[in-house]
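Each chain carries a letter (A, B, C and D) given by its place in the written order, and its residues are counted from 1.
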Amino acid sequence: MKQNLLLFTGFSILIMFAPQLLSGGYLMNVLVFVGINTMLAIALNLLLGYAGQISLGHAGFFGLGAYLSGILTTAYRFNPWVAMPVAAVVVGCMAGMIGFPILKLKGHYLAMATLGLGIIIFIVFNETVELTGGPSGLSGIPNLQLAGISFDSDVKNYYLIWGFTLAVMLFSLNLANSRIGRALRAVHDSEVAAQVLGVNARLLKVQIFAMSAVISSLAGSLYAHTMTFISPASFGFNFSIELLTMVVIGGLGSVYGSFLGAALLTLLPEILRGANDYDIIIYGGLLIVMVMFMPGGLVRGIPALYRKVIKQKGETGHA
Amino acid sequence: MQFDQILQYTLSGISTGAIYALIGIGFSIIYNATGIINFAQGEFVMLGGLLTLSCLELLNLPLWAAVPCAVAVSTVVGVLFERLAIRPLRQPTPINLVIITIGGSILIRGLAMLVWGKDTHTIPPFSGDTPIAIGGATILPQHLWILAITLIIIVINKIYFYHTISGKAMRACSYNRRAAGLVGIDVRRMVLFSFIISSAMGAVAGIIVAPLTMTAYDVGVMLGLKGFCAAIIGGMSSGISTVIGGLILGVLESLGAGLISSGYKDAIAFIILLLIMFIRPQGLFGKADSERV
Amino acid sequence: MNFKVISFVTAAATLLLSATVFAAAPIKIGALFAVTGPAAFLGEPERNSAKMVIDEINKAGGVKGRKLELIVYDTAGDATKAVQLATKLIKDDKVVAIIGPSTTGETMAAIPVAEKEHIPLISCSAGSKITDPVKKWVFKTAQNDALAVGRIYEYLQKTKQTKVSILTVSDGFGASGREQLKSQASKYGITVVSDDTYGPKDTDMTAQLTKIRGSHSQAIICWGTNPGPAVVAKNVRQLGIKTPLFMSHGVSSKKFIELAGEAAEGIRLPSGKVVVADLLSGSDKQKKSLLAFVKDYQKHYKAEGDHFGGHAWDAVMLIRNAVENGADTAAAIRDQLEKTKAFAGIGGSFTYTPQDHAGLGKDAFVLVEVKNKDWVIVK
Amino acid sequence: MLEISGITQIFGGVTALDTVSFSIAKGDITGVIGPNGAGKTTLFNIITGIYRQTAGTVQLEGKDVTGFPPERLARLAMVRTFQNIELFGTMTVLENVMVGMHTKSSSGLLACALKMPWSISEERRIREGAMKWLEFTGICDLADHTAGSLPFGKGRLLEIARALAVGPRIILMDEPAAGLNSQETLALSLLIKRIRDLGITIVLVEHDMELVMDICDRIVVLNLGRKLKEGTPREIQESPEVIAAYLGDDD
């Protein structure tokens, strides 16, 4: 418990002073996206890593948050701070309602159903042109403002997004180590045993599905207000898959793993930028190699690697 | 609403659906033998089409030689993929396997982009493109090719899985991999076999649609997705129910586009699929099996 | 006295030094193209053309003794990346102007960055809303969809056809075209009798076309980019539809004719003049630019230059001209761009004013038809 | 306490259970025995709401609970253990038992995630309660081990501790002695008696006749899906038809 708190405090301090340590500029902008993706990866991880339920449609909830925020603030002149929770509540309720029938499905049927859900949402973004602007997107979404500060620069957005991201991390860490988190993991390990002990697996799954959707929606709203422009292409099937990859590469069932996965997959294209058309090949190859050599994800693979290196050093030192 | 319009929608749907079915069967074969949902399945469809193009244009082979050549090369890619990426995996959890196949799919697509560029290409139809009238509707000779080849492949599948030793062994693996291993079936070989069969089938699907739909390095994504859906509607079977799954999807899309709204046609297809799954969570053709505790 | 001499010498030396340094430093121009991803058919020729023309300029000694340096990033057609990379170009690479992005969606996403950082952005995408309303720092070289639609409708009006069916792709390009097709129809006395769409990756459009066949329209207008329209052309032929088929400028390249094969014959579409460069009359002001572009592209890439590449070519040339006129900062380049008058480029003859940052008139498009696997101008 | 009447279960044409009825008295240890395939586990699965029977009713403390899902039965203080112990393998021993306290706690998702004061104190209570049950079963020292790494015998104890944490009035054990050595079996029989001394009614399916005869107050014999006989261990041991059907074939 104490360790957890210490780790989180350390992580927060690191995040807080990162802008001072780094040269700023474009990197700040990338780090803003690392924050948003971390939130999304944690949301999916709650579902996949803790409750063991796959979703191939999470980009849809992300998009719903972004579009609801965008539409409410542009067409209906809502204050962004009001639009954000409204969007989250609406998305949460939708996920809750769809969750009951959809979470009855198991394994690849669930994968397929969530995939279908994501595609349906995507098509709706594309087709309801009057509301969403269709494929050409929705522009002119206002920045968030707080106490006279408008969050319109990368550094300001960095603090805004990471404030939310840290809150989501703390929220999820607490949840994981609570009766609900334990019940979720229990359902994952043996659903029937958990039920016999009085855990309402179905309700719990729906709750966590809804919670996951709410966090995704929040990330979507923040995305909309920092980008000020959104278009359906950002919320398609590919992004759902990318989120899944972040969670698995980072480490299932680990909040810090989600951060590592999100950071790696967001920074990787930046690092590979010089490789031009070869970047897609390197990216694909890296995914394979990562899963092959770090099957437990970065969060378990890095310490193992570290131990290995230390051990080797020790051995050569003695010899 | 005229009858010949409905007929045209249905015919169009069936010919698109047959392709989904072929790709879907490829998904099912690998899934049954290995438990893997192979997200790289669509890439073999792409390889089939583009390799045929290269055989025709660079090697100047006639079509009858280009097709087996392209299928063979795609199969080699499938074997390499299984050998280099799937087999060495230390913790083959289902989710890790999913990520591996996603990685593989990106990798293969990237390589194809380098080899063939980003342009769309087309290959000539097998036997001309003079439309054939059926009732008030028309189809192309290529559609007949598609239906015939789909049919042949299903028959070959049936014979293989029910009347050959290795086919039966593969079915045994799909029921229970551990038990199959215990009775002396070389499970890893069956895994390899499943990749050979399904990459070859994917390639065939890619070749026979290319004259109609054209082909490019990125066609595998969408076709793979639809094939995946067909397989799931069919309950991940490697036989007729996946074919029906594919046809249902194809016809739903076509009718949706024609009768309701072309913009929402994929959404309509997916909504109907979701409803089917809500009513029958074990799949359209799956049998309800109770959990054993 | 002594002091004055020293200070004079120092000042002169500083000036001289800075002048030489200045002359040596290249002018950095950023570019955002969708080189990969679904819009690669735009991004790739754009990148190729931009690189080509920058090379040529530098080989010829640069502009006013200064070289141009082009920094290209691939957005993969993703709006998020476009914003990120626009920021990167401005903050890390310190460019004085940005060319691109390739698609309307990406451009709309990148505009706030350019506006805030005060860097001129010359978009290579067609959406009318990019420059309508006018934004201080944003220009575009791609012809507005509105002009292309106008070309088709003018022709229909002339030939007294009033009922059209439209079939548009459900991406940014198709959506923008669909909007224009519907909004301009009444102006030309045309009614849209059926309105359908298809997905960018769809492989069969017979369902939509069967529906259109039943709608008894006098013309079908399909708005999309390869390969969709080629499938549409084939499907139209399959279904035996005899209604005249029109396409958009999105497929005005040889590639389309190659893909659609026989089915392309007789299809008409509005196009930039690049595909019919050699058929233009000698009096056409653009002819010189067009022929040079086509020849260079063939030499560099062994491929046919198309008007997408032309958008990037125009953008680079516009910046070059601004630099030629003495601008070397972002603000000065913007001001010079706005003064561009009758620059005969690939996309048309550009004249920017403070009220118009699109710069093209209707003459940017000609109506062409596919005949014997090649383009001819429809009179 | 538990009233089973007319339970019939048909699996695809095969009758697994045929109108089985019996009742279990409060505070008793009741053994359900019978040869393999007699339908014992199926009966357990029906009583605990995992299968839905073809016909028949189950009454718990006078309340009709036919068709209740397992989680609802747990709230009515009925819990069970499994033949092949079903532990939460990735969680620690202590956490396993803490899951057992699920129905004894009520903090919702938001309260947990936001660490509301009441959820913090509840968490403390859960931890203390779970430790108490680990002490009761004598596996306190394993609290921080991963459940998946436990030897089978310890796993069995953990499963019982976890079931007890639910605070049951009736507990159903499916072959608790299966896979245990003789020493462990002896300890188990003592543990079961101690559980009974807490006032908890116990029903067990068991093949180990020595254990059954030693601890059970009453025994129900099933054979081929039908109830063959019901009575005290002595009556069962002396019943000729039971001996014929069951004990006779054995040894």
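Here is the rule we go by: a contact is a pair of C-beta atoms (placed from the backbone, for glycine too) under 8 Å apart; a residue touches a chain by one contact, two chains touch by 3 or more.
None of these values were measured; they are calculated from a predicted model.
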{"item": "Shared interface partners, meaning chains that touch chain A and chain C", "value": "B"}
{"item": "Contact-richer chain pair (by C-beta pairs counted) among B-C and A-B", "value": "A-B"}
{"item": "Chain whose Cα centroid lies at the greatest distance from that of chain C", "value": "D"}
{"item": "Chain centre separation (chain B, chain C; CA means) in Å", "value": "38"}
{"item": "Whole-Å separation of chain centres (CA-atom averages), chain A against chain B", "value": "31"}
{"item": "Between chain B and chain D, centroid-to-centroid distance (C-alpha), Å", "value": "48"}
{"item": "Whole-Å gap between the CA centroids of chain A and chain D", "value": "41"}
{"item": "Overlap residues in chain C, where contacts from two or more other chains coincide", "value": "36, 170, 197"}
{"item": "Contacts with two or more other chains, residues of chain D listed in rising order", "value": "50, 82, 86"}
{"item": "Overlap residues in chain B, where contacts from two or more other chains coincide", "value": "113, 263, 266, 291, 293"}
{"item": "Sites on chain A touched by chain C in the complex", "value": "25-26, 29-30, 33, 126-127, 129, 134-137, 139, 152, 154, 227-231, 233-234, 269, 273, 276-277, 280"}
{"item": "Residue numbers on chain B that touch chain A, as the complex places them", "value": "31, 37, 39, 85, 88-91, 93, 95-96, 98-100, 102-111, 113-114, 225, 228-229, 232, 236, 261, 263-264, 266-267, 270-271, 273-274, 277-278, 281-283, 291, 293"}
{"item": "Chain D to chain A touching residues, read off their complex", "value": "48, 50, 69-71, 74-75, 79-80, 82, 86-91, 95-96, 98-103, 105, 107-109, 112-115, 119, 122-123, 126, 162-163, 165-166"}
{"item": "For the chain A and chain B complex, residues of the former touching the latter", "value": "48, 54, 101-102, 104-106, 108-109, 111-113, 115-117, 119-120, 123-124, 126-127, 192, 237, 241, 244-245, 248-249, 252, 277-278, 280-281, 283-288, 291-292, 295-296"}
{"item": "Residue numbers on chain B that touch chain C, as the complex places them", "value": "2, 5, 8-9, 12-13, 15-16, 19, 113, 118-122, 129, 131, 137-140, 209, 212-214, 216, 218-219, 221-223, 253-255, 257-258, 262-263, 265-266"}
